[in-house]
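You will see two complexes here that share chain A, one where it goes with chain B and one where it goes with chain C.
On to the complex of A and B.
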């Protein structure tokens, strides 16, 4: 089944290059093609979930060739990105009517999809960097797609800062290549020694810091979040959903987790590199959000807070794993991945629901329902997924011997529903772009994501736990398992 | 438009075809000698960029119109992807060299190494169109200028 992996990148890439060849006619071909491809991608992602393996492109063996890898961490993120992608595409087809250059929009959206899927699946850090850039460069243009002053300003700021942040990632890749002579993740996992409780060498700390800055920007973690509220508030609603629900989780958080956990290995110093921005984002986002008037900016800051939870959970998992607290580390890792999925699905749902609200302030029935599910999950109201994942992270912090951090996370978790409740009249928020009655395609996108958000709430149940959270925990914590992917091809090392 | 000196215009007119042919050579011999689609494509584009610099964007846009450069860009990418997908279907792996039986790798032979020359041509086409477009757009955008007007006049040409 992993033989199907390259299609996850090749199909949207093909669509992205076919569409500009036919700039105007036939009118709805772009909608159809993008919808079809996104549907196929979701089916593929469902088929591939739960299957792990490696795909060597062109049949070239791993030390020489490029490979794609699917494991317990990449499979759920891939599924999230596919679901958010299909929902955004369905939603866009009804949303786009007021914009010129329809096929250009579809081409960019497909290019972004290809970049996101490539980011998730790439088996080496250089290609991951390239795919991240493919995804974010498309997103710069999509953020400013309406061509209005505010959107253009946000897009230009996002783009300029993003180009700067990309250099950090690239330099990090270069440092690792200079040190170890390979960019393959499995190879690096086998050759970069895990520092454990001792402090890693300065060159490893430097490379890790570069990666944290580069990918931290993409995940909009404080203090590198400056682009995110403006971009999400000004972008067309489906693009904002795609950014919050797929790009930030995949090109930001997933890429960061994959790099730190698998490439660098467990070290207490690296764990604190995640914990510091994590705690900062968690508190800063939650405290800033209520003071934002624009409902979309409010949502963006809440999103920063959620990303903070994920990074806190990941950092705690790493520190606890080094200290030998297996159980707490596993709980933190599973909680962090679970919260990433909850955040992505719910944030995308909220931005879509906001776009479907019409007229502003008087949302339609579907968007109201979808907005409630999304807000409930992000705010962490039991029994929705966002509650369970926050509980897991708080419990892991408590069990692992960080009572202060656990208290901070718990207080923030209580603050979120309060601040959502105080603004209940604004949800779903009025859109920045055009809006109409909820057409069937929009409703389909909303239903898809509502199903995802509600379905994720079931994941911690005993019967389902082993399918999603178990493999994710193992993928985060078990670095040797990833290095073992190498076994069949391990002959000559360059 | 600013007038360029006659010497610059004349010399660049003579140079451009040679640069273009050199680019083709780098692409076509990419599987045999240092080079390939990417550097060759950049050299092809630089022939047109030389015209752009020395004789203005109107002349460059007449030689390689915006729409055609865009089509090169897309077609190149699509051909590359098609080779990849054909490898997926015929060779069992994405980008597998399914033409290798027909044209096995032989030193100094132009028709060899299967799909690699095809991919070089595709990449060359894409980079040619892409780099030229990028430079053309940069030449149109100015601080304080109206980017849309610059582009429109070019599309009309």
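On to the complex of A and C.
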């Protein structure tokens, strides 16, 4: 089964290079190819979910060659990215009519998909850096795709600071290589911190800090969130959905979690490197959002708050794992991964629902339903997924002996529905023109993500819990399992 | 610890300082290039070896151990090439967007551009 892994990167990458060569007419030829590729990727992601293993590219054995790895943490994020990707592509095909350069748009979207999938699957930290760059460089262009001054201004600010942040990541990779002579994640998982010590030295903490800054920028965690509200407000609606629902969760939060938990291992100092920006984002996003007039800026800040919950959960999981509180650590880890999925699906859905109302017309039934599902999940209204995952994180903080942090998270969780309720008329945002209908392709994208958001709400049920959240918890906390990929015979041979 | 590491550190900080304090797009882009140069230099240093030889095994090297003891590490050089290519494409993109912004607003000052963009939005 792992033989399918390279397709997740190769298919969109190939399409990205073919698409600019497509003839301008018939106009739907590019739409069809992009839709087909995204559909195949979603099917592949569904087939691959729940299966674990590595694929060694070109038959080069670990730790020499490049490898792709699928485990309990990467599989759900891959599925999220594929679902958000297909919804964004379906939505774009109806939304794009206002833009010139349709095939170039598709090419960039496919390049970003390839980068995101590569980021999720990559088994070494240098290739993860390269894939993150492929994804974010495409996103810089897509944010400014309308060519309007405001969009270009947002894109250049995002790009300049992003280029700076990327070099923090690369320096972190270089420091790790200089110390340990490898960039293979499984190899590093077995050798960091240096043999015989249990506490990371200052050079390891320095490398970890560089990674936290580099990936923290991509996660839009406070205080590195400055690009996110501008970029999400200026980008075309499907691009904003793709950024909020796939790029930030995959190239930001997932990459950060994978690097800190699997590469650096468990140490209290590392946990606080996640907890500090997590708590800051959670509070700052929730307090700033109500003051922003533009509905998309409001959503952006709510998104920062949700990423804050995820990082808080991850940080708590690491600190608690070090202190030996297995139960609370497991709850925090599962809650954090679950909240990442809820946030990604719901944020993408809300940006799409907002876009569906933007062309002249009343918000249709579909966009209204989609807006309610997305807002309900992000705001954490029971029984939707966002409520369960916030509850898990709050409970883990309480059980783990952080009553103050638990109280802060709980108060923030109560504030979110209030601030969403006060702006209920904006979801989806009020239309500006005569009534119209949502085109079928847009409706299909909305339905797909609504299904995902509502489906995720079922994940904590006893029968399903072990299939999604159990492997995710194990993948976050069990570093030795990843290191075992190195040993011959352990992995599924392609 | 070679003094070159100090140069890497200083270059990196100069670039970050420029990126955080400058407002002119051209200077911001130059700051990015300076940071990149610092990181690339560090990567090359990670594989550096005094009196090292090129990591190509020829007939002059009779024993693998002797070769391994003297050759520089080729891996960071491969990484640095990749990083240079990424840096180049990013630089070209940033310059391209800057030119478009200059055509629209007639200035390279990022804070003025943002102010104008916000007003245009109202």
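Here is the rule we use: the second predicted complex is superposed on the first by the 467 of 494 C-alpha atoms of A that agree within 3 Å, B and C clash if a C-alpha of one lies under 4 Å from a C-alpha of the other, contacts with A are read in each partner's own complex, and residues count from 1 in each chain.
Just so we're on the same page, a residue touches a chain if its C-beta (ideal position, glycine included) is under 8 Å from a C-beta of that chain, and two chains touch if they have at least 3 such contacts.
Keep in mind that what you see is a predicted model, and the values were worked out from it rather than measured.
Peer 1: Using the overlay on chain A, decide if chain B and chain C clash or can fit next to each other.
Peer 2: Chain B/chain C on chain A - fit side by side.
Peer 1: Touching A:470 in the superposition: chain B (first), chain C (second), both, neither?
Peer 2: Once the two structures are laid over each other on A, A:470 reaches no partner at all.
Peer 1: Could you tell me if A:141 is touching chain B, chain C, both of them or neither one (first, second, both, neither)?
Peer 2: A:141: touches chain C, not chain B.
Peer 1: Using the touch definition from the top, say if A:156 reaches chain B (first), chain C (second), both or neither.
Peer 2: Touch partner of A:156: chain C, not chain B.
Peer 1: Does the superposition put A:20 against chain B (first), chain C (second), both, or neither?
Peer 2: first
Peer 1: Using the superposed model, measure off the angle between the directions from the CA centre of chain A to chain B and to chain C, in steps of 10°.
Peer 2: Angle at the centre of chain A: 40 degrees.
Peer 1: Is A:290 contacted by the first partner chain B, the second partner chain C, both or neither?
Peer 2: Neither: A:290 stays clear of chain B and chain C.
Peer 1: First (chain B), second (chain C), both or neither: which does A:6 touch?
Peer 2: A:6 sits against chain B, while chain C stays out of touch.
Peer 1: Counting only touches as set out at the top, which of chain B and chain C does A:59 meet: first, second, both, neither?
Peer 2: Once the two structures are laid over each other on A, A:59 reaches chain B alone.
Peer 1: Applying the document's definition of touching, compare chain B and chain C: which contacts more of chain A?
Peer 2: C
Peer 1: In the superposed model, how near does chain B get to chain C, counting Cα atoms only, in Å?
Peer 2: 5 Å.
Peer 1: Under the contact definition given at the top, report the residues of chain A touching chain B in one complex and chain C in the other.
Peer 2: Dual-contact residues (chain A): none.
Peer 1: Can you check the complex and tell me which residues of chain C touch chain A?
Peer 2: Touching chain A: residues 12, 15-16, 19, 25, 28-29, 31-32, 35-36, 38-39, 42-43, 46, 75-76, 79, 82-83, 86-87, 89-90, 93-94, 97-98, 100-101, 104-105, 110, 113-114, 116-118, 120-121 of chain C.
Peer 1: For the complex, give me every residue of chain A touching chain C.
Peer 2: Listed in rising order, the residues of chain A that touch chain C are 126, 130, 133, 137, 140-141, 144, 147, 149-150, 152-157, 159-161, 163-164, 166-167, 170-171, 173-174, 177-178, 183.
Peer 1: Which bits of chain B are touching chain A when the two form their complex?
Peer 2: 70-71, 74-75, 77-78, 81, 84-85, 87-88, 91-97
Peer 1: Would you pull the chain A residues touching chain B in the complex into a rising list?
Peer 2: Of all residues in chain A, those touching chain B are 3, 6-7, 10, 13-14, 17-18, 20-21, 55-59.
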